[in-house]
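Note that chain A is present in both complexes that follow, paired respectively with chain B and with chain C.
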Partner chain A sequence: MIKRYAALIRNAWLVDLQYRASIVLWLLWGVTEPAIALGIWWAIAGDGSVAGYARADFARYFFAVMLINQLTIAWDSWYLDRWIREGELNYRLARPLHPAHEAVAENIAYKARTASVILVVWLVVAVAWPAVRLPFDPGRWAVTAVAVLLAAAMRFFISFTTGLLAFWTTRATAIMDLHAGVSLFLAGRIAPLALLPPAVAGVAGVLWFRSMLAFPVDVLTGAVHGTDAIVRGLAAQLVWLGVWVGAYRLAWIRGLRRYGAVGG
Partner chain B sequence: MSSIVTAEQVSKTFQVKVRDPGLRGALRALFRPRYRDVHAVRDVTFRIDPGEIVAFLGPNGAGKTTTLKMLAGLLYPTSGRVEAAGFVPWSGGPSFKRRIALVLGNRQQLVWDLPPEETFLLNRAIYDIPAGEYRERLAELVTLLELGDVLQKPVRQLSLGERMKCELVASLLHRPPLLFLDEPTLGLDVTAQEAIRRFLIEYRERHGATVLLTSHYMQDVTALASRVLMINRGRLLYDGALEVLVARIARTKRIELVLGGGGGGGDDGNRVTAEALATFGEVKSFRFPNAVLEVRREDAPATSARLLAAFPVADLSIEDPPIEDVIRLAFARGVEENA
Partner chain C sequence: MTLRIPHSAFRILAAFWRLNLAEELQYRANVVASVLGTLFYMATALLTLALFFHHTTSLGGWNYWEIVVLLGVFNALTGVIEAVLRPGIGQLAGEVRSGELDLVLVKPVDAQGFVSFRRLDVWRFTDVVLGLGLAGYALFRLGHTPSLAQLSAFGLSLAAAAVVVYAIWVVLMSLAFWFVSVENIAVLFDAVYEGARYPVTAYPGALRFLFVYLIPIAWTTTIPASALTGRLRPEIALVAAGVAGVAFALARALWRAALRRYSGASG
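Up next is the complex of A and B:
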């Protein structure tokens, strides 16, 4: 399996090299959103603070969002929608390799390339700007790595499962757009969850949105601390990952049966 | 010899949503969808022995591709039993998939932006092909398909024919004993079609692979298949040798004429009229200067000679009737099986 992944990732990178300009554009897009959010909160915070967040806290938060969003984001629903609607799934189903492996390999390839660039940018900025420096804390980074892995896995299954809806509807990507829109607020992409009205933040915490992004970001910046809070957060991530894996299994099995019944 | 493919009383019924035209129809379909059964394949039974090249023959929508997809495990039958390469295809899993190749003429697995060799390397990893065997097989396929320097060019710069050849390479590297080819020559020029036919014949001779293909090019079928399965509206109409079918159904040939001389008229006594042509055979169409006659197969050469003598002819060709006509005839007359 390692050989297969190596070959899949290699091909994904080779394709990337053909599309250098569009990679730069995607990267800019990935940087712009948190940069704009940071600009706004920077202005609002002024010399004081908002809900305990001073300017430097916002800076660290949005640099962490920039990095962790790239590490956990998944585009699979768009791919799957195309595979299913345009019959590209057919030859993938005729190969002795589950199509999800190709999708996972694509994710690894994408994340390695964008996140490494952002990490370098962050390091360079941190040299000049002390506000975005993180304290040296390998333990915290290790927990962050686990939280990021769980978030990435969950977002992959959310995206893949939503893409599978293309077996039933032509609007699968619209559903994914809707989810992305909601997660803009509930996952903490434009503001730390602590700044949301408590009811909204509560919803984000009960559902899977906090686990997608805000929790690993808060672990990295230190906003979540204490063994209790960390264990609870990781447990929530595990539970939601389990739910989405279950949803994926159901959608895959039933979707394939439907595909096998009605054709592509 | 035991069969490599078995289909027993296989049927496939699709449910298709019916929608009336217009906004009202769209709304009604949203709240009270109505479905109509489409019988894509009905009660089809056949067996294929290892090493055979068998062609599915039939017009668009006849059920060829549906049958092929059931054999390849992409669709499952509504009723009946399918077996291929020792597996029930739908639930055959990876072991089944290693034993087949599926080539779809209108869908490609080659990575569009990369040279075809990258897709080959990917398939080498997916099918766990040892490096030595990979090199050996690739060299063989490249030679047989006369691919040469194509391997290093990005797929998007390849011609349609080169792409189909590379599709075949990608699909055959794991050397499957059973090949499903859906319209492998679709849209290719005559030279590329011939190259692919030559290749398939040679490949089968060398490796004893079983080939099932669909096509609506008569030439594919005549050049390749020792046996045809003729399907129309989901029913198997004929199973046997092509010559027997053509001799039995298409008892006629078409003589296509392009008449010369001036303007379809003349006062020299050999003015070309439908009536004059009708004395040579059945006039299928006539609009000066083009005429199509249908004559008995055995009479075609003699009639052609007489036509050439009787009229100023600029061009003349003798053709089998279009395959759709053969099938329509077969459908109308109902070919008995066991030819």
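Up next is the complex of A and C:
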């Protein structure tokens, strides 16, 4: 399995290599939203603070959002939608390897390339701008790595499962857009959850949205600390990951039974 | 640098649009989906704004409803972009790559004009209506009745804004002639245009300079909204028209230079 994955990742990496310029553009697009949110909160905070967040806290928060959103984002619903509608799923089903593995390998190759660019940019910016420096804390980074892994896995299954809805509807990607619109607030893309009205932040915590992005970001910046809070956050991530894996199984099995491919 | 528009060009475009409309009318369910999508998009923008104003009373010197006027303008321009620019000139980068542009160049019409206006995504014009409606409602909430001078300044600067947005698209698509592999260059526009959702005064100095002088998106939303609410004097519309003229001329010049580089599918 490891050998297969190495081959798949190498393949995805080389394919991406051909589209370097395109990937840079997607990367730019991905960091604009947090950059603009940072600009606006920067103006609002002024010399004071908003709910305990001063300018430097916002800077750290949104730099962490740029990095971790890139590490956890999954485009798979768009691929799945196309594979199913245009019948490209057929030859993938004929392979002795589940198509999800190809998708996972693509995610790894894409994220390794783009996230390392963001990380390097962050380091360079941090040399000139103390506001975005994080304290040296390997323990926290290790926990962040685990939380990012869980978030990435969950977002992959959310995206993959939503893409599978293309078995039933032509508007699977529209549903994904809807989910993205809601996660703008509930996952913490536009503001730290601490700045949302408490009831809304509560909903984000009960559902899977906080686990998608806000939790790993808060672990990295130190907003979430203490064993108790971290364990509870990781547990929530595990539970929701389990739920989405279950949803994926259900959609995959039911969907394949329905599937009559193009020309089929 | 003359722009010849022979009478026949309009006849050709009219014929294209007729066919286009007939095609779109087959997919009438799309109008519902399009309107729902726009309403959802406007709702998220308003909620984002409400979240900011939960923690402040003004943003870059603007109050909540003033920025809602701006969001209305933003949405109206988004309608123009989605209805005309993306389906038309937005396809250019891909055609340069595949060489399909040859088929355009051999036609006896001005290539830029043809490429720009060949296709309309008519349903997205509803965004223009919804956006202007939102701006009107926000004016009502502001208790501001624009004078005739302010209204005409708004009309002129909104037209200028559309020209500026068009010029930015032409520049981006012309770049595709040099960077052939970048089929998704429109993404760059989406990224930059995000910045137009808020008044430029909300941004730090360097970014403000960038948006006013280098990538002139300040002229697309901030200026028309300011003209409408009376934040700026109506004369600003004349400046906006001048900016639009310069932007158009520069974009046209770059387009010419880009076409000279193009060697076709075989090259």
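The rule we apply is simple: the second predicted complex is superposed on the first by the 259 of 264 C-alpha atoms of A that agree within 3 Å, B and C clash if a C-alpha of one lies under 4 Å from a C-alpha of the other, contacts with A are read in each partner's own complex, and residues count from 1 in each chain.
The rule is short, and it goes like this: contacts are C-beta pairs under 8 Å (C-beta built on N, C-alpha and C of every residue); 3 or more make two chains touch, one makes a residue touch a chain.
Computed from a predicted structure; not experimentally measured.
In the superposition on chain A, A:Tyr91 makes contact with chain B only, while chain C stays out of contact range. After overlaying the two complexes on the shared chain, residue contacts for A:Lys3 are found with chain B alone; chain C is out of touch. In the overlay built on the shared chain, the residue A:Ile44 is in contact with chain C alone; chain B does not reach it.
In the superposition on chain A, A:Ala174 contacts chain C only, with no contact to chain B. Contact with neither chain B nor chain C is seen for A:Leu220 once the two complexes are overlaid on the shared chain.
Legend: residue contacts after superposition of the two complexes on their common chain; A:Tyr19 is shown touching both chain B and chain C.
Touch criterion met: A:Asn11 reaches chain B, while chain C stays clear of it. According to the touch criterion, the shared surface of chain A, contacted by chain B in one complex and chain C in the other, consists of residues 18-19. If you check the complex, the residues on chain A that touch chain C are 18-22, 25-26, 28-29, 32-33, 36, 39-44, 50-51, 171, 174, 177-178, 181, 184-185, 190-191, 195-197. Considering their complex, residues 3-4, 6-8, 10-11, 14-15, 18-19, 86-88, 90-97, 259-264 of chain A touch chain B.
Residue ranges of chain B in contact with chain A, taken from their complex: 14-15, 66, 69, 72-76, 90, 93-95, 97-98, 100-102, 104, 106-109, 111, 113-114, 118-119, 121-128, 154. Residues of chain C that touch chain A in their complex: 33, 37, 40-41, 44, 47-48, 51-52, 54-56, 59-60, 179, 181-185, 187-188, 190-192, 194-195, 197-198, 202-204, 207.
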